[in-house]
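Two complexes follow with chain A in common, the first pairing it with chain B and the second with chain C.
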Partner chain A sequence: MATHCVDRELLNDWHIVADRESLSQDKPFPTRLLGVDLIVRERAGSFEVIRDDTGVALKSAERYGFIWTCLGTPRRDIVFIPEANEADRHLVSGGSIAVKVSGLRAVENFLDMGHFPFVHTGWLGEEPHTEVAPYNVEITAEDEVLATECKFYQPIASPTAREGFVVDYIYKVIRPYTVALYKSNPIQKHRLDVITLFVQPVDEENCIAHPYLCYLKDGMEAATVRSFMQLIFAQDKPILENQVPKRLPLDPRAETPIRADAVSVSYRRWLRDRAVTYGAIPAQV
Partner chain B sequence: MITLYDYELSGNCYKLRLLMSILGIDHKTVPVDFYPGREHKSEWFLKLNPLGQLPVIDDDGLVLRDAQAILVYLASKYDPSGTWYPRENPALLGEISQWLAFADGITGTASAARLHDALFYDFDIDAARAGAHRLFRILDEHLWFVEQEGRQWICSAPQPTIADIACFPYIMLSEEGGISRQDYPAIRRWCDRVKRIKGFIVMSGVFPAGPARAAA
Partner chain C sequence: MLEAARSQWHPIAAAHDLPFRHVFHGQLLGREFAVWRADDGYINIWENRCLHRGVRLSIGINDGRELKCQYHGWRYSNRTAGCTYIPAHPADAPARTITNRTFPAVERYGLVWSSEEPLGEVPDVAGLAEGKLLALRGIPVNAPADKVVEKLKAYRFQPTGAIDGNGAEIAVEAAQDFAVALRSRAGAAETVGVFFVQPVDSNRSVIRGVLDQDAEGAARIAILRHHNERLSKLRDEVERDVANAPAPAPIEPIYERVSAELAEMPELTAHGRKAALRVAVARKWRTADGIAGFELRPVKGILPTFQPGAHIDVHMPNGEIRQYSITNGPGETGSFTIGVKLEPDSKGGSKCMHETVREGDVLAISEPRNNFPLRRDAIKTIFVAGGIGITPLLAMAQALKNQELTHELHYFAQGEQHLAFADRLAELGDALKPHLGLSPDATGAELRRVLAEYRNGMHLYICGPGPMLEAARRIAAEQGWPDSAVHFEYFKNTNKIDDSSSFEVALARSCVTLQVPAGKTILQVMRESGIDVPSSCEQGACGTCVATVIEGEPDHQDVYLNDAERKAGTKIMTCVSRAKSARLVLDI
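== the complex of A and B ==
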């Protein structure tokens, strides 16, 4: 299962390997990235990331409260989240959780509204409000997959919601294993709460979800935001872990999409075009 | 009113929410940031429970820890039918206590495996899984004989008891620790029966029973 990654796009990019707060000074933290065993350990007041097989220290950085590393040569900077600079937001990890499925499946699930009434029953959806209204999907100038005008009826859309309402969503796939969700804030309706899901590809069939929450503080405790995120994500987890196959098929004929899956269809095509194969079942040519 | 110090993803907290839902006990919850905040090891929480473990309840000043102990208390005090913890039946109370201890064993194995796999706890995963399978095998055989005798629940009573509630959550969540229930058909049938108890509620990771089979 710990196959080697050959995708340059992934090898030469930054990935999260640990939540800074959960690391201890005296105990090295073992993890794995793209099939490579790593050790995260403290050294002179900061953390370094070591390859377990060679003992070589990798490029590493600390941002958004997480430890990042790159197995190759970084071709671009860590994803920039403008909302992380806004002082009136909670900026917290939702809690890193390991999931036994390809990280690409985790990203795709994050993009899917169709499952809300069935998996997040009573929270992000409920029968009979099951229809996913048509929405727009485009590839941006920055080469991201962007889904806009997504609307869905949610009984309890956020920890402070007191009644059901139709919630506006924007989804953005920023990198193959990074996806963000923008959701209208229930109090300041013209501003958006942001959840960025950084997925650590542990190997092809295992990942760690590192959700990074940028929620407006107005009327909301950080612990409440975190607890809501975990409530929702833990509903997805068993569904994700029971997906077969565990890797994401990129052949358009492998799984049958419906109109509600437009963003997922674009995501899979975008992965094919960028020659991302790690965690995927590549399309047959 | 009862205050439950609660963590959504804890099976031991869930068993209290579940019994309180079934018995219709009004309560409020105080969310404790167990992960990643480790708030159960914080100074304020250790004053409540020096063991640093969830759940804890506070019922008008009576502070209790330990999920199994709290189930005993809640059923004894708030179950007018007296069936969930039948105080007048010593043999049954013995049986219930036996299976409450068994439930602690499930926490020490199946729940430990789940914490290892999902939340990076440094446990011996092989020992945890092997221990859970050993307990599941014992319970599966027990439930098979229960069914042969025309009964449905863990203890020798016509109704479910708190033993069923105590054992249910970490069995239901076992796959998150890499422990399949495929080889335990009697356990799977019993899980479906628990899910059909009036007042049953889910937690994240537990789904409701499918529609009941139409009567023949």
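== the complex of A and C ==
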């Protein structure tokens, strides 16, 4: 499904198209963004991104260990992550994970606490601790969706957790396909580990999730952070790939929200207000 | 042809595709189904998507009574497809209107049949007698159904009695849009095979063959293999034939929108004392000393979804209305079972049920309402039942038992012969703790023992006669149980109602201000002004007529709210409670 993207906000923004570490010097790397086939290849010590149909080189950049590109004219810079400048953090990619579903569904799943006991059983949640307590959602001055005071009981919240505890979360949708979560570190409880999920919209019904982890090094190996992320994401993938329809419906009556879904209700409304349609089923008017 | 196919019955699975606690992924005319058989034998054919976030229910868990979604653990009931529990909000009863779309299911000729909008019954097939048939393995084909049917007319197979031979004579007995009946003859051996073609999608089909005779052991395997090989060859030929033609576009199923009020996740909307359902008394029996059991079956259609703790209003032949808790376990949706204790000072309710109502009688009942919802996120749940107070707690205990959640049911009764619903109690095993023939003092001592050692995360549910309920609540409080962990339901409000005050009630959402004079309730005054408010017991016990107080000080006279809720002053039972302030503002 290679639908043509008409959303200016997406066309004129930066998107990840490859993890720097998975590229090789001598072999071009084919990928796809917003339905457009691309080639990422090495040239004179850096990487360039070429449109496969026209052969034209696109604007590209390397940041946070990823290769970025923009199909149109970038209207703003790549998302800034202040934690990436803190020396006592591991800065690692969680691997590039292809998921056969709209990237907007992947973002919404990332915002969801209610599924922890059922999908991440024994790690991020465990029956009978299933309640999602009320939390706050707001649209910030920077026009981001922010959910605060999210709390959930987790048996093994992170690779260094030794016992279950109630974890504090903050969620922030930064751009339509970019979402971050901040959760309390089990050792330094006043500081937050950060996971930013950059979702590459391959087409309307396929995406590649690139999690970028900024975890405090205290008591933890980088490889452990990465494998924990992969364990968790591998649990989400089969659920996401069984969502019907694959695109995210923006009609409030397409699905049944509950109070626990306050942040996804805001996210869907925010997408609607920004006229994002790529990967979505627009609301009936 | 495919448009007309929507109103026809089609096989969507073989009966053997629905083994114990499996969920089968079916598809018809582009629409996916989750197909599952409950332990009571009922076959459920549902839209294959959870109403919450669209996850396929075919990857869900069939626990024999309910289907549980893998994503957020929402539970849907056998038969009704109504949602019975939302784990993210354990203290709330889900809105009754959260109900998945269901499709009709009929089991016939070893196959399971369904239809989007059926006209008439599953067709009778000449030559296929029930009972001695052999359903072949379904053969999927990537081709439109009409192409498959065309090819099947030339299908050749050996009759069952001469399976190893060759060159049997084949006659086409009948051919329709989606089925071909063939007779194969070789000497004295003769077999009729009916081959139904299930239109899975515009370009996909499944051949579901049924033979008119069964076989055992090795002979059976030889027959199945014979057809497997030949139908597979036929599939290859059809697929080759259609490979050059452009494939028709897949059928896009239309998903119904959820109701407008669900999209906003509002308050439950119910109505006044209405009896929308008609049920027949299928069985009436003496389930304990002085307690009659009633099994109520719908006169037509199916009953609505209930949740543990729910009650129904029963409208009796003598005009009385009483509330009875549903004792059913999860997924037990074919009938409602209630228990009625004969009250010695009965004003006509229980006396009428015991003496007048007989098997076969038709009663009017309300839809189930749940004002006593069961949390399922407790580390341990303790139920304390006194006498007939067992009924709601029995439904709850069966639900926790089904989910293997830790619980104890303490059942206080005068003696063995007073324990109701012995069959259901027996299924609870060690979780049932009967306490028989105790004096009030001994009951208190026993409660102190049972309610010792409160830990955070435990929950207590109490139902029984007023004095015992008061004692249990007091003892729980003394032993450190917080109000938020203690849930209770009174049978009736024995408080003496003082209705001498008069005050003003402003209904914020309705933009109406009403005068409530002495001798009338808020509920009555609202009804007189045409404002429809749900109610049930109308004596301050059941919680149905609750309203939110925005302003003013309520004068609580009910037994539904707990002390913390009373103190907070944000809720009021409009059927009995009044105002201490001159004015109340309600969120109605």
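Observations on the structure shown:
Here is the rule we use: the second predicted complex is superposed on the first by the 285 of 285 C-alpha atoms of A that agree within 3 Å, B and C clash if a C-alpha of one lies under 4 Å from a C-alpha of the other, contacts with A are read in each partner's own complex, and residues count from 1 in each chain.
Quick note on the criterion: a residue touches a chain if its C-beta (ideal position, glycine included) is under 8 Å from a C-beta of that chain, and two chains touch if they have at least 3 such contacts.
As the structure is a computational prediction, the values presented were derived from the model and not from experiment.
In the superposed model, A:245 makes contact with chain C only, not with chain B. In the superposition on chain A, contact of A:127 is made with chain C only, not with chain B.
Of the two partner chains placed by the overlay, neither chain B nor chain C lies in contact with A:12. Once the two complexes are laid over each other on the shared chain, residue contacts for A:231 go to chain B alone; chain C is not touched.
Touching of chain A by both chain B and chain C, each in its own complex, is seen for residues 238. Listed in rising order, the residues of chain B touching chain A in the complex are 7-9, 31, 33, 35-37, 39, 117-120, 175-176, 178, 203-205, 207. Per the touch definition, chain A reaches chain C in the complex via residues 113-115, 117-119, 127-132, 238-239, 242-245, 249, 251-260. Of all the residues in chain C, the ones that touch chain A in their complex are 32, 48-49, 51-56, 59, 69-73, 86-91, 98, 255, 257-260, 262-265, 376-379, 405. Residue ranges on chain A touching chain B, taken from their complex, read 19, 21-22, 29, 93, 95-100, 223-224, 226-227, 230-235, 237-238, 241.
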